[in-house]
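In what comes next, chain A is part of two complexes: it sits with chain B in the first one and with chain C in the second one.
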Partner chain A sequence: MKKNKNIKMILLFLVPVAFLYISFFIYPLAFVLGTSLTEWNGISAMKFIGLGNYKKLLTDGTFLLSIKNNIIWALSGGFIQIPLATMVALILARKPRGWKTLRTIYFLPNIISAVAIAMMWKAIYNPMYGFLNAFLNLFGIEGHNWLGETATALPAVIAQTVLYIGYFMVIIFAATTTIPKSFYEAAEIDGCTTLQQEWYITLPMIRGILVTTITLAMAYGMRHFEATFLMTSGGPAHSTSVMGLVLYNKMDAFRLGEANATGTILILLGTVVIVLIRKLLSRGDAGSDSVQ
Partner chain B sequence: MRKITFLVLSLTLLAAGTLFANGQQDKEKEIVLKWPSIWVGEDSKAGAVAELVDQFNADNAGKIRVEVEAQPDYDGYEQKIRTSIAAGIVPDIFTMKLNPTTKAYYESPLLMDFSKELNGGWGKDFNAGTVAQATVDGMVKSLPYEVAITPVWYNMDLFKKAGVSKYPQTYAEFLDAAAKLKAAGFIPTSQMTGGSNAWTSMLWYSHFLASFGGPDVYANPFGTDAYVKAAEVLLAMYSDGNTSIDAIGGDAGVSGGHYLAGESAMFINGPWYIGRVKSEAPAVYSATEVGPAPAAGNNKGAMVGFLQTNFAAAANADDPEKAAAAVKFIKWMTKSENVAKISAASGAMFAVKYDSSSITDELMGKFINASNDASFTIPHLEGVVTSDVITEFGQALGKMALGEATPEEFVEMLKKVQDQ
Partner chain C sequence: MKALLNTLKWIILIFFLFVALYPLIWLLLASFKTNNLELQQNPFGFPEKWMFVNYYTAIVKAKLPALFIHSIIVAFSAVFVNLLVASMTSFVISREEFKGKNVLLTVLAAGILLPIISFMVPYFTIIQKMRLYDSLLALILVYSAINIPISVFLLTSFMDSIPRELEEAATIDGASFVQRFTKIIVPLSQTGLATAGTFCFIYSWNEFIMALLLTSSESSRTLQLGIRFFTSQFVTNYTAMYAAIVITIVPSIIVYFIFHNKIISGLTAGAVKG
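And now, the complex of A and B:
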């Protein structure tokens, strides 16, 4: 009787969440999947064309370049941003003088609008008046049109995002505070250097959090849109295009069937990349899931 | 005593009830029209439009009330309208740009067709040909309102300082003037490949298309000779220092910024930019003249002009009173004297016949002269192709300007998107 009552209560609590989840995630997802198989401009009737939109996208050079760029974004997030954030977190965890101020400074960009940051970097990269070229010129180094050259545009946009490590740094820093101090004391008695302590104690102890942050950073990379849209609109010559931007442009042109096919590919690829990376990083670490 | 108290209370309740009922009745009678408008905030037309809305509301008090929903961001506004129509919810009144992408709106039965009202005499209020431009399959679901021309703006002070006595009329003269301007330390032209449509360069390209292809250039298939030749000239604008080094990847801020700063000698934009130049760069404003682009092809004196903004409204098929109220308001906004007020306050040009003698702005006067002097006028490229072709325009232009594509390949990139 008590068990039945519990089930009823559980169902009662689940219903609102399930309703919201079905209404605002499952239904839209099914709608996106369904309409991705149609030719539709959002106003006139839909026309079923099977996998036509997918075929078109997967033979379009710009879209394939966008997939490649998204993967570069994801890898940069996971393997440049997170190592940088880890390095800073480990240094701050040693509580050097002014560590609290530094922690705040590193985190500050996260409370500033992404639009403002993108605009600021656009000004920094300006080849005529930007700070970066002026700085390089001081050392006799010739400047570039950072956002206007195909070779430098993508790294320039990625750099202005990846450099902001504060969000992940705070998560990793919090994880380091859970490691008992006695581990380090014992290691010190055994003659371990600071680097050895970080390598053999800290990193293995926060492995679960590292996997989580890498996953998150890569997920952000796969769905990246804002900075590219604001700084380059995907240019020059599509060199910075990403799937989110392709989706936006398709919607803007009322090609909603193609836009939804782009969205579906984005979801599928994102899921595959995230699952793969988690499998890879969690290999040989049975407890990593429980740590997270 | 009790009886008196009961009587007073009853009377009070009765009076309150009657008043409430009357109030409700008045409210029920009043038709409220929601108008998401871009002519708000810092927009040059904001003040005059607000005055006209207030006056309309005062004249129709208790019957019709127009409520303006401020939407100062142009791109955001267009997105909102598109999403609303796609979702089947059309604002009571709104404005739109008519182009091949937004022509899809005409497929929606939710939009009002003004053709009946226009045929009833209202159509005579509009300049010749403008209603025809807004007619699709016999329907007029977007009423022509604001028009614009986008001539070349040139800074005569910079020309004089560089030793160029007059604005170049031909391509050869342009190259000669550009060489002198560069020697004097000025940037000959403002260009941009960035933004959603590479606006300034797209307008330069449209001028060259007119020059090479004549008034019917858009009737020719994409990729024919005029498109390639115009691309060759556009490439020359990006070569040999004929534009700024930040033009590739640059947006409207970059392109307009160089002109405002008195760094570039030639720039293209519409009359809506006059207010900004006047307030932010008065010296540049005083030195600015406008005219057609130097003739690179056989056609001289061509101008690029188009319907900038059209009025549209919800069909309100199930509420004819509301539909009639919307028509009444749009008729008010298109009244000759009201259009003249907005024009005088903002410098904007309109598709409605009105007396423009009240326009006192010197540069606006030059715009009107340039429009009158044009040998013919064609729309800009953005007005005749779908938005994905224009998105591609900036990307293809960047590729060509970086030396990664020839003019033929540039045109081919655009054609490929159009053929999709």
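And now, the complex of A and C:
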């Protein structure tokens, strides 16, 4: 590569991004990984203890429960939310009446803060004043303390995010617009029903974007924090606890080494989930390639 | 069979319409109701009397105007800093050849996948070291930084689509490096800047964890923290609490209805490339 004569200006233009990126991505990453091996309260000197924090975390029942809950979050994102989003995207792709308005409204909850949404759903689930119990009462079904009981708390917190499909729906919808119309016309002539067309044409054609959205939804599930923090604080009896919450509580208790070990596990587990799910879902690709 | 499918289709569409809209409508109506008793006795209907006083209570007791101003300062400044830095970076990446460009791009893109919540402790210590703890500037810096990867991603793909001939012509006419950026690339990137800016605005306006972590006093509290403090302070006054939640939601909805085409097309551009 020949030397660019603008190299000085290029470097100058990259100074701001270097400052922000090193300060808020690279240094923090190194910091979290490094201090996860120490015992540290933020005030006195750090003490190197090797994998002590990890040992402690991985033998702690609450933390293991949090990992399990994070995995449930991730799975529900990837395998409940994405199928729902795909279903709606495929329906909208056929441009039924009002599809543009519907698309705009479906996306709406995604721009409202997680705090407001969580507060709103806390109100909806409220056993005395919320509309969910009032609604069920209309059908003679007895009300329930959704967030207060261990059996329903986790599903209740997850449901209110999984049902908001707008973000992924828009992405999947966009992918369907790249499929040539002639494919469907040919299938129609061959006597394929609408459902067969979706199954044999649309889904295979948007496979790449489905893998991407499943990965993203699972990554978001792994780092989930806000709704749990605001709706249940991890209760009742730790039944809704997640890793982000454990990290926050450890930090609040000045156990910074343990907090950063939690952060490291979060980063590693998130990466493993992403790599694994991409491997798993793209394995079929090789098969379909060999058919062609 | 066809009729059945058609019915099913509309049931699905209306169900998700209901999920997206009804909670908001319910919340809005509830925020105008008289008191907790009315919430219980009249869960679905319009308020018997429209209690605008709930909004007054929310605004005065939760000190919402000050928090509102903080959120506006933080969100707009974060967007400004973010777009300035990201557009300079994207200009260089999109228009210049230099050693390490691909490494730079990969490192920046990897930032999208990092779970920022695992950085709670280092963000806290960095902000303290910068002597910015409990200041709006802390939030502005953190929010603009967190959005760098996604903004650079959106802006480089946008700038790649601007024809190079324009710049070549300008260079022949004697335009400098900086002039190519300020006089050609920035004005032609308005759509891309609007999309990236909207994403950054919505993120900054809605952000909660870092605001909770990096501020402590009312002088730097944002709206999102405000509703949480409000709800813990006035646990019994549900109607006023709902009014406070409505107040924090409305700006996002206004921004969305002005920019929804840009937001959706921005997502679309990202998706088709990704």
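Criterion: the second predicted complex is superposed on the first by the 260 of 292 C-alpha atoms of A that agree within 3 Å, B and C clash if a C-alpha of one lies under 4 Å from a C-alpha of the other, contacts with A are read in each partner's own complex, and residues count from 1 in each chain.
Please note the rule applied: contacts are C-beta pairs under 8 Å (C-beta built on N, C-alpha and C of every residue); 3 or more make two chains touch, one makes a residue touch a chain.
All values reported here derive from a predicted model rather than from experimental measurement.
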item: Touched partner set for A:112, first chain B, second chain C, both or neither; value: second
item: First (chain B), second (chain C), both or neither touched by A:128; value: both
item: Partner chain(s) touched by A:237 [first = chain B, second = chain C, both, neither]; value: first
item: First, second, both or neither for A:149, with chain B first and chain C second; value: first
item: More chain A residues in contact - chain B or chain C; value: C
item: First, second, both or neither for A:77, with chain B first and chain C second; value: neither
item: Contacts of A:256 with chain B and chain C, given as first, second, both or neither; value: both
item: Touched partner set for A:43, first chain B, second chain C, both or neither; value: first
item: Overlap of chain C and chain B interfaces on chain A (superposed complexes); value: 42, 126, 128, 256
item: Sites on chain B touched by chain A in the complex; value: 79, 82, 85-86, 101, 104-105, 107-108, 193-196, 244-250, 254, 386-388, 391, 394-396, 398-399, 401-402, 404-405, 420
item: Contacting residues of chain A [partner chain B, same complex]; value: 41-44, 56, 62, 126-128, 145, 147-150, 153, 232-238, 249-250, 252-256
item: Chain C residues within the chain A interface of the complex; value: 1, 5, 9-10, 12-13, 16-17, 19-21, 23-24, 26-27, 30, 36, 39-40, 43-44, 84-86, 88-89, 91-92, 96-99, 104, 107-108, 111, 113-126, 141-142, 144-146, 148, 152, 177-178, 181, 202, 205-209, 224, 227-228, 231, 238, 241-242, 245, 248-249, 252-253, 255-256, 260, 263-264, 267-268, 270-272, 274
item: Residues on chain A engaged by chain C in the complex (per definition of touch); value: 1, 4, 6-7, 9-10, 13-14, 16-17, 20-21, 23-29, 31-32, 35, 42, 84, 87-88, 91-92, 96, 102-109, 111-116, 119-121, 123-124, 126, 128-131, 134-135, 163-167, 170-171, 174-175, 178, 193-195, 209, 212, 219, 222-223, 225-226, 230, 244, 247-248, 251, 256, 259-260, 262-264, 266-267, 270-271, 274
